[in-house]
Amino acid sequence: MSDNIKKLLTIVTEAALENILVKDIERLGAQGYTITDARGKGGRGVRNAAWDANGNIRIEVISDAAIAGQIASHLKETYYANYAMILFMSDVEVIRPEKF
Amino acid sequence: MLDPVILFFIFGLSAGLLRSELRLPPAIYDLVSIMLLLTIGMKGGIELAKQPFLELLPQMLAVIGLGILLPLIAFPLLRYLGRFSRVDAASIAAHYGSVSMGTFAVAVAYMSARGIYYEEQMPLFVVMLEIPAILVGIVIAKGFSKQTNWAQVGHEVLLGKSIILMIGGLLIGWIAGAEQLASIKPLFFDLFKGILALFLLEMGLITSKHVGSLKKYGLFLIVFGISMPMLSAVLGAATGCLLGFSVGGTAMLAILAASASYIAVPAAMRISVPEANPTLSLAASLGITFPFNVVIGIPIYYAMAEYIHAFFGA
Amino acid sequence: MLDPVILFFIFGLSAGLLRSELRLPPAIYDLVSIMLLLTIGMKGGIELAKQPFLELLPQMLAVIGLGILLPLIAFPLLRYLGRFSRVDAASIAAHYGSVSMGTFAVAVAYMSARGIYYEEQMPLFVVMLEIPAILVGIVIAKGFSKQTNWAQVGHEVLLGKSIILMIGGLLIGWIAGAEQLASIKPLFFDLFKGILALFLLEMGLITSKHVGSLKKYGLFLIVFGISMPMLSAVLGAATGCLLGFSVGGTAMLAILAASASYIAVPAAMRISVPEANPTLSLAASLGITFPFNVVIGIPIYYAMAEYIHAFFGA
Amino acid sequence: MSDNIKKLLTIVTEAALENILVKDIERLGAQGYTITDARGKGGRGVRNAAWDANGNIRIEVISDAAIAGQIASHLKETYYANYAMILFMSDVEVIRPEKF
Amino acid sequence: MLDPVILFFIFGLSAGLLRSELRLPPAIYDLVSIMLLLTIGMKGGIELAKQPFLELLPQMLAVIGLGILLPLIAFPLLRYLGRFSRVDAASIAAHYGSVSMGTFAVAVAYMSARGIYYEEQMPLFVVMLEIPAILVGIVIAKGFSKQTNWAQVGHEVLLGKSIILMIGGLLIGWIAGAEQLASIKPLFFDLFKGILALFLLEMGLITSKHVGSLKKYGLFLIVFGISMPMLSAVLGAATGCLLGFSVGGTAMLAILAASASYIAVPAAMRISVPEANPTLSLAASLGITFPFNVVIGIPIYYAMAEYIHAFFGA
Amino acid sequence: MSDNIKKLLTIVTEAALENILVKDIERLGAQGYTITDARGKGGRGVRNAAWDANGNIRIEVISDAAIAGQIASHLKETYYANYAMILFMSDVEVIRPEKF
């Protein structure tokens, strides 16, 4: 597998966690992240973003597999029990692998 | 008769319950709350400028005491009568110890429509009441645990959106004074009730989403959501009377005590006591207490203040 | 002279055609329409409270009849002269049977700028006219097909954003009355025309996007987009005159009949008659009829009403 | 292939369909969904979200392959003919496979 | 005393520096700027309608000359004293040759609060000043390179949001006149200062984000961000005096010259001179010059205008 | 590999580039694109979308591998040096391959 292949980790969770998660993600070694506002439904019910307390965010992080795994397990341990959160991973091909 | 702004609340509530597609964009909800908070702050600041700050200190301490007392009363009720888990009881208690800006805004409109005088320092008390209840709630839930990041909690609480807007408004009003602010009066003061109407329309829509979850949590929450504010109002009115406030000021303090937070406290609890179920406290404070207070409660609390003054007042 | 709010429309249209980057955020478009709808509803409600509801019933029936008639006239023109497919013809017909809130708002501004009296029940008629055309359009397109989920259509139509806001406003105005609403007048009533100007600026920008698609659909749509409203205006004016309305009221009904929906009907058709091409009906109602009506049509329809009154009026 | 691998189905379509699609997706067995607002261009022209009638949404659903396939074919049959809509699928690795 | 709208700026700046979570939704920022630009344009248009256009031509040429001169002065300072790269120096120079709408709005409020007369054509000059500096900046950065897509640059500049809104407002004001616009006065004119307050609150929040990046770029940028506007103000005041303007008009031209763009120019440079570092120019124009101008600069420039008039004026 | 497999190219970059990129993407042969507003952080610092000049967009383009490759290298050459931009690619299964 070429150097160009990195992990794309996507997290969907409560908007209230944005500031905290961003710090976690950087601390664990990711070089960047992208966030979009979202709404949705899951095990913890409908989150329709009608007002502040009730919106989701969708965070994408591209990194090598080791860092992605560390972020994933940190989030799982720290937030899964008490927050609406899912995360999933896939391989993506990037152009400048040294950036991630 | 019902104030017309209450009709907007009822309209929003009905539209929501009928599952209409009506909703205000989040950006508008933000704008409307920002303007209400700034205006309330400025109104308070203008009046505060007229009196010596030091005289307010004892009053502020009394109000902080009230903010500590209320969640300490609510917690055992919730824990032992309501059989909620420790964290849930603590979180709901924090909501009821704190205040609701929307309720305060409706009370301001209520008083001014009737030309009732109240002490000008009320917006300051809103800030004073908002904070201690959050801290008490966290301590009840977790003890003075080392795990709690108190610096972060402090930042979250003191620099949260609603507190900072109100403090900013207070300072601007204080520094500039009524005369200087005349140029921005058309936006912030003349439109106040119209903007409150839009805010209550949206609150009605939001409330309707929380009425549903009440069914799940049953009768206790409903009873608590009505009787706790009544109890708090008595304590608030008593405090107001002891501090020598006018009937209007006494009623205002009763209303503040009776109101339950649905903005600042939920945000703080979500971060500091994540184990608490947020639907539970919002169902009570938004689904029961807020509508009860704005539609029925305010006149009751005003009557309470009159009664207390008649019997115990100076 | 052109009303200045029309200048905002022309400005928006020009900026759009010049491909400027100007655009209002969707949240602002929402806010502005919410406020217009609420205000129009409240104005109507305040006036309605002054008269017995029962007397309105026959008028309401006549207006509903008009709302059924208009799409039935438009459909064969579109199907046989315009050679549109059955579903497209039905969908466009529904747009022209229904009404446009923006056109009504401009008409309200037109009348009040000239101090022309019109019957207060107009906002009620807006609601009455909006609904039947949609149902007729669906039936023409699909027959009384079992496939159509009528419960869903009903929900979509009655609880759609614009209808519910107008009904809400009507009820609030009715219950509270002018005196009670004085406190929210600065926002909803005094700013009405300014907000209408912002709305028309955005409508100009949106319209500019639909002018392009007109080229594709050719001359017939342009001719239809101007002559159908003229025809509808005649029928509307006749109805108004028969119902014994004043010149202003007759003109208002003509304007309502002449206007074509671009909010409620497109949304309903998209769900209920998805086979219809939405660009087609929007090109006509937004790209032709709306600008024609607000810039040129309203004075023509008013002249029409005067003419009818002079010859047939009481 | 491990249990951790699920299907991520992404749908981009007209905002007007949101309520209906959400019901379809739940009825066909998905445990949740995530929605973001979007704009775009495709075979049915530019959809630039300048106003209500003209916006897109982007729905993501994570589920097992069978459910994803059912949703995809239902949407294809019901909406492709008359609505602006695309859908695409890929494999993703999830953390708590029992959730999806 | 500080105008209260400046207090909103300081409040926003402080909240931002304290890392509060307060922020205005982008849609509200858009609404607020759209309204300020339209109002400023309309005010200018109303006044322009009162005088023959041809007499303005020489003034307009002089102002364009000023807009070309300013970046030509700024560039060598930045390139040789500041040791910035060619593209960075050119880009910053373009920012300082152009104008800031927010500064102009504060100046309008300043003059009207003091009842100071100034020539009505100022909004026209804002448009005149905004454009040449951008073109000069691009030419300095790239030469008359074939690579530059001048058609695109022209489109970007002339049809950019702020220019088109101001031109649209000018035309509407010109065509309609004060009397016709009375109906939209409550929204656009009466709320002007309140809306300016909201705008400055947001500008304070945005500015706070740029103060940080100043540390990185060091002292020179700070010195330049204060002394360049002083120099420009002198040239602006001289131009105003030569053109025979009143003290108010001379001060206004000084203020316009002193202000640095942070909306139109950054957008244009990002597309046309992408090699330039945008943080650099924003740190200077937003982080230094804007606060300096609105808080301290405007009274200084007004004093400058009085001084020049006293010594050289007619 | 089946006909149903296409490339999903995702670009995260400055909002100011939207109009230009959309023209590039169409010129290079893509049949459509989907855009969402985003914020984020990367090598060029925090882009928190607090105001116009400072937001990101996230563009998705589905096309065959050749076109995706051309778009990617065009963007890399033209914009990487001076703009905040990342891009990544993955395979997705589509329903109507002839559309892309």
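Labels for the chains are A, B, C, D, E and F, by order of writing; each one numbers its residues from 1.
We take it that a residue touches a chain if its C-beta (ideal position, glycine included) is under 8 Å from a C-beta of that chain, and two chains touch if they have at least 3 such contacts.
For reference, the UniProt names are A, D, F = Transcriptional regulator; B, C, E = Sodium-dependent bicarbonate transport family permease.
Remember, predicted model here, so these are calculated numbers, not experimental data.
Common neighbours of subunit D and subunit F (chains touching each): A.
Think of each touching pair as a link: the shortest run of links from subunit A to subunit E has 2 of them. Using the mean of the Cα atoms as each chain's centre, the chain most removed from subunit D is E. Chain centres here are C-alpha means, and the one lying farthest from subunit A is C.
Although subunit B and subunit E carry the same sequence, what matters here is overlap: shared residue numbers make up under half of all numbers found at their interface. In this assembly, the C-alpha centroid of subunit A lies 20 Å from the C-alpha centroid of subunit F.
Averaged C-alpha coordinates put the centre of subunit A at 35 Å from the centre of subunit B. Spacing of subunit B relative to subunit C, judged by their CA centroids, is 42 angstrom. Among the residues of subunit E, those touching two or more other chains are numbered 25-27, 30, 186. Each of residues 36-37, 90 in subunit A touches at least two other chains.
Two chains count as a pair here when they touch; such pairs are A-B, A-D, A-F, B-C, B-E, C-D, C-E, D-F, E-F.
The touching residues of subunit D, when paired with subunit C in their complex, are 14, 16, 20, 45, 48-53, 55, 79, 81-83. Those residues of subunit D that touch subunit F in the shared complex are 10, 12, 36-43, 56, 58, 72, 76, 80, 86-90.
Here subunit E touches subunit B in the complex through residues 1, 3-5, 7-8, 11, 15, 18-22, 24-28, 109, 113, 186, 190-191, 193-195, 197-198, going by the rule given at the top.
Within the complex, the subunit F residues that touch subunit D are 6, 8, 22, 26, 31-37, 62, 90-96, 99.
By the touch criterion given at the top, residues 25-27, 30-31, 34, 155, 159-161, 164-165, 168, 171-172, 175-176, 180-181, 183-188 of subunit B touch subunit E in their complex.
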